[in-house]
Every structure is written in C-alpha cells, then in structure tokens.
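By letter and in written order, the chains are A, B, C, D and E; residue numbering begins at 1 in each of them.
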C-alpha cells in the first residue's frame, strides 16, 4: 500500500493538514503520514524526511504565507526548497500555499485554505494512482480554490 | 530509437503538450513520452523523472505563467528548478513558457502558445539529431512565437 | 543523549545564542553545542558542520539582518542556504531571524530578539522530543516574539 | 593539449561564439569545441556537458539577454545555473553576457558584443595557461568591452 | 601547518587580496594561497578549488560589486554561489564585499576596501585558530570597515 505524506505549519491560520488528510481518505485507500512544523521554511526538509526516512510516494506541503513583504520572500525561499527536495528525491511534492492577502476577510481565507487543500489533495491522489487523468485536463485552465480559468479560445 | 519527453500543465489555457507532440512527429521518428502535472512548479521533477526513470534523451517542458505578480515568482522558481534538473542529469530540458500577459486577447494567447510550443519542439529535435543546425544560426536573433529579431548590423 | 546545536553571529545586537541555550536547558536534558560566526551568511555552513562533524540532531540558527536594503538580500541568501543545508542533511535547522527594523527602538529590539530566540528554542526542543505537540497546534496561527495571530474563523 | 569549450545562443544578435573562437586561436594552441543552444537558460547544462562529456578544461558561455524585464530574470536564472555548474565540476565557466540595452544602437551593440567576447576569451586563455597574469591585475578595475575603470586612488 | 586561501578580482578597484594576505601574516603562521579571477561571479568555484584541490582550511573571498543595478544582481548570484560552495565542502568562505556606492569618493572607497579586507582576514584567522574568541563577541554588533554598531540596550 502506497503512503502519502502531509506536512503543514503552526503558523497557518487554518488546519490545512487535516483537510488534506480527510480528502485523501475520501478518494483512496492509502497510508497517510502527518507532520506539522513551525513555518513554511521548515516544509522542504520535513517533506524530504517523509520521503527518504518514512517511504512516502508523494507529499502534500501546505502553508499560509503572511501578508507582509518579508513573508512573500519566505514563501519564495520555501518554494525553491520544495522544488529542490523533489529533484533530490525524484518524488512529487505538491505545494499548497494560500497567501493571507488572497482573501478579503477571515471567512473567505478559511474557505480558500480548506478548498485549495482539498483540491490539491485530490491532485496528489490522481498523480499517484491515475496520472492519465491529468493528461486529459492538460491546458484546460484548472485552478485550485477559485473558479477554473478554462481554456483560451482560438 | 531515442525518446523525447513532453511535460505540460493543467493550469495552462492551451494544450501545449499536444502541439509539441504533433510537431515532433512531423520532424522525427522518435519515441515520445507525455506527462501532465498541475502547475509549472511541478515541471522540474516531472522532467527529471522522465530522464532518469524513463530514459528520455531530451525534454520539452511547457507552461503558461499567469498574469499576477505572484505567478511571475512561480515562473522564476520553476525555471530555476528546470536548470537545476538539467545540471543533475546532463540533459537538455527546453523550457517553453508563454506568459498569459504576453498576448492581448485569448485568440492571440492560444496562437502564441501553439506557435512557441511547435518552434521549440523543433529546436529540441534539432538539438537531439542535428546540433550543427543550431551553430549555423548562432547570433542570428532567433525568436519563438513572435517574429525573429535578426542580427545587429555593424 | 541527543545534541542540539546553537549558532549565532557577532553582527547581531543581542546575544541570541545565550538566550536559546538558556531556554533549551530549562526544558530538556540534552547536550548543547554553541558556535558564533561573523554574519548571517556564515550560518548555513556552521549549522551543517554542527550536524555532520559534531553529530547534532537539530540546529537553532539565530541572526539579526540589518535595516538596509542590502541586508535584506543577505538574509534571503542566508535563508536559502539554511534550507539547502537542511536538505543535504535531512535535519531541521530552525531559523530565528529578527529584522533590525521590526522594532521601533533598541529596547523593543532586544526584547524581541530574546523572546523569539526563546520561543523558537522551545520549538526545536519539541520537534526533537515531542513532535506530536506541533500537530496539535497545526493551523492555529502561532507567532514567535509577537502575539499569536490565532486561527481564521469560518 | 588542453580543450576550451565555447557555447553561445541563436537568440543573440551577434555571433559571439565565432569571435571568442577566433580570439582563442590568436593567443593559444589549444583544441576548441563549439556548441550553440537556443537561449541563455540552455547555457549551463551545455557548458557542463562540454566539461564532463567532452573533457574541456575551461568554458566561455556567451549570451545576449534581451531588454525586457523578463529577460533580466532569465539572465539571473542562467547566471545562477552557470555558477552551479562550475561548483559541480570544479571548472571555471567564464560568463560573457551583453545586455541588449547596454548599447544605444545596433552598431554599438554589435561592437560591444564582439569586444567583450574577445576580451573574456583572452581572460579564459590566461586563466588556463597563465593564471599569475590575473594576480598582477588584481584590484586594477579591469572592464571588458568598455573602458577600464582603473584603481581607486587613496 | 594550516592553509588559508585568498581570492580576489581584477574588476575591483583596490588590491583587496594583498591587504588580506598582509593582515593574515601579521596574526598567524599559516600557509597562504592566492588566486585572482576576473569578477565576483568567478569567486565561488575559485574558492571551492582552493579547498578541494589545494587543501585550504578556510577561504577569504573578496570583491567590489559595481554601483549599477545589474551589479547588485551579480553580487547576489556570487553570494549564493559562495554559500553553496561552503555547503558542498563543509568549509567556511568569508565573503568580503565592498559595494562601490558605499563610499562617497575614491579615497573613502579605497580606505573601506582595505579596512574591511583586513578586519575579515582577522575574522578568518580567529575562526580557524581561536573560534572561542567569536563566541565572546556574540551579539555585540560587530561591523567590518565602519564603526561597530554595538549591542542594543534593554
């Protein structure tokens, strides 16, 4: 049985990890491992450890970058590290970031964090178990959390 | 028989992968492997897996960064990862990115995405099979999708 | 007995390393190794050496980026290196940075530097000895030094 | 006999590679290998392949970043990759970039691209065969293409 | 006997390498190896070669980024590479950069370049031979070239 790893943060203002774990359980019979770290810059190594020390086949890394300029630089550093961790392990790590200022109030923020966590958890399940599903959606303007953009018409 | 890998995204608003596969088939008798991932930040490891796990000799990685500021940072992270994946494998990965705001409307966007995908697919074929063709075009101001810039006159 | 490594800088304007060492000692019976380097860009390799040459199981890397634009770029470079060092060692390095301009005067600066150093030292202890404590705090908007942000209400 | 590798691009608007090859031949009896790739982001792996697969002792990597904002980000990514390729091979790769907007017209652009290519080709020859020549010029404000800045007077 | 490596550039407008070598000789009986490269982006691999091919125990890498916007990006790339080289070798490389626009005229520039080179050369000697000296200065606001900032008062 394959294992999916889920890592989130104590910094985020919604329990993204629980939403992802719940969504995985709805769609697949896989083993799920959960870790929580302080902030998004701790995600890359946590994900790599789940792959190399705990045998996960794919990882969902969730976080909420804050709204200050410095937070956006942190997000850039975390994203760079997440890509590097993937290259060092030949394993996909699906990054699920919701920027605190993407939402206009707390309610929309929590909604968006839950929705994007769930939609990307499903992406991870499909990448692991049904990768041909993604080929069928190539170039169709999929978005996670907000409405899909759809394809550009010729 | 050599294998060319093609990776694109569900985020893009045109099926860049299909255009690249079609163009490869017009110019070369090679095996083609296709993968689709959610977004451009998933491209680097997908390309590296095609090289190391599936034996591809060259990769075409296609994506459409969105028009928001954050999307441009994502593109920078993806590009950095694509370069890193090449260095870890000693294999060329031709990046084909069309920025959503390079085009003034949907029709031009779809045209540009198809055209650039096809021209770079041909570049990949030549790099793999006829690298001397590129030396002949050195310094001639080639562009993909838009009109060539041409050489600077002394 | 596990070893926690602590690295700080001569550039910082508060003895963050001593605060971290003191806090660790209040919460755990572990061996502590201390290093000091000139500036934050010297932290990544110092941390990596503590892990690979001195057998530390987790590292706390503390620094105070200055208030000039160039200092923020240095912080970005240091952070990138700290993430890279973690990926090369599969070991967490908790970065504790206080920006000089986060505080309005010297008194607040010293307070913030001490407080954040202590709170992250406790994070490191928990990550090493009681990682399940962090899962319980997932998505609760924890902050170090300043007041917690708390969860977003649905 | 040592081998110098030369890589340039089809994107550039002057044949920088030919100028570099010609300048090398005027100063040294070495073997020269030439490659051309589509754009500057393809340079890092091309250089690394010349070192690891073709045995080059030093590389000259030439390119012309365009004048758009996005082109400058591409240049940054290419430069980062070129530095990384050097660290992975313990081999110098001399980067020769001329920004399209450094020149006020096509004539000056072509002049600058030729001149900088030739001066850096000579640098590469000296680094390979007479490294002590560079120590003699330490801190003298050398520039390639434009007039030297000269040393700062005490 | 330990070896300290010193690398500087022909681009800089003051002979930083000579100042560093002189300062090392005043404080320690060590072997010193000197290299000079064209610009700051050539420093990372030069430093790594001094460590891995010539057995240096610590490196001082000196350079003067120019005052143009592009020069600051070059400095960022060089710094990133210097951190990476340290992580690949588990060896400290003390970066000594003086920005051309930190000084108001040539005289101050030369003074600052000499002073910072010397102060960091002494840092390198202490890190190699008396690392406990740095722990004593932790959090005391040390600066190189300009006046120390001193500790923040509670």
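The rule is simple: a contact is a pair of C-beta atoms (placed from the backbone, for glycine too) under 8 Å apart; a residue touches a chain by one contact, two chains touch by 3 or more.
All values derive from a computational prediction rather than experimental measurement.
Shared contact partners of chain C and chain D are E. Fitting chain D to chain E on Cα positions gives a rotation angle of 70°, stated in steps of 5. Taking each chain's centre as the mean of its C-alpha atoms, chain B lies 40 Å from chain C. The mean-CA centres of chain A and chain C are about 25 angstrom from one another, to the nearest whole unit.
Contacts with at least two other chains are made by residues 80, 84 of chain C.
Taken pairwise by the contact criterion, the protein chains form one closed cycle in which every chain touches exactly two others. Remark: ring traversal beginning at chain D, heading first to chain E, gives the chain order D, E, C, A, B. Of all residues in chain A, only 72, 76, 79-80, 82-84, 86-87, 90-95, 99, 120, 123, 127, 131, 134-135, 137-144, 149-154 touch chain B in the complex they form. Residues 8-18, 34-38, 41-42, 44-46, 48-49, 52-53, 70, 73-74, 76-78, 80-81, 84-85, 88, 106-107, 109-111, 113 of chain D are the ones touching chain B in the complex.
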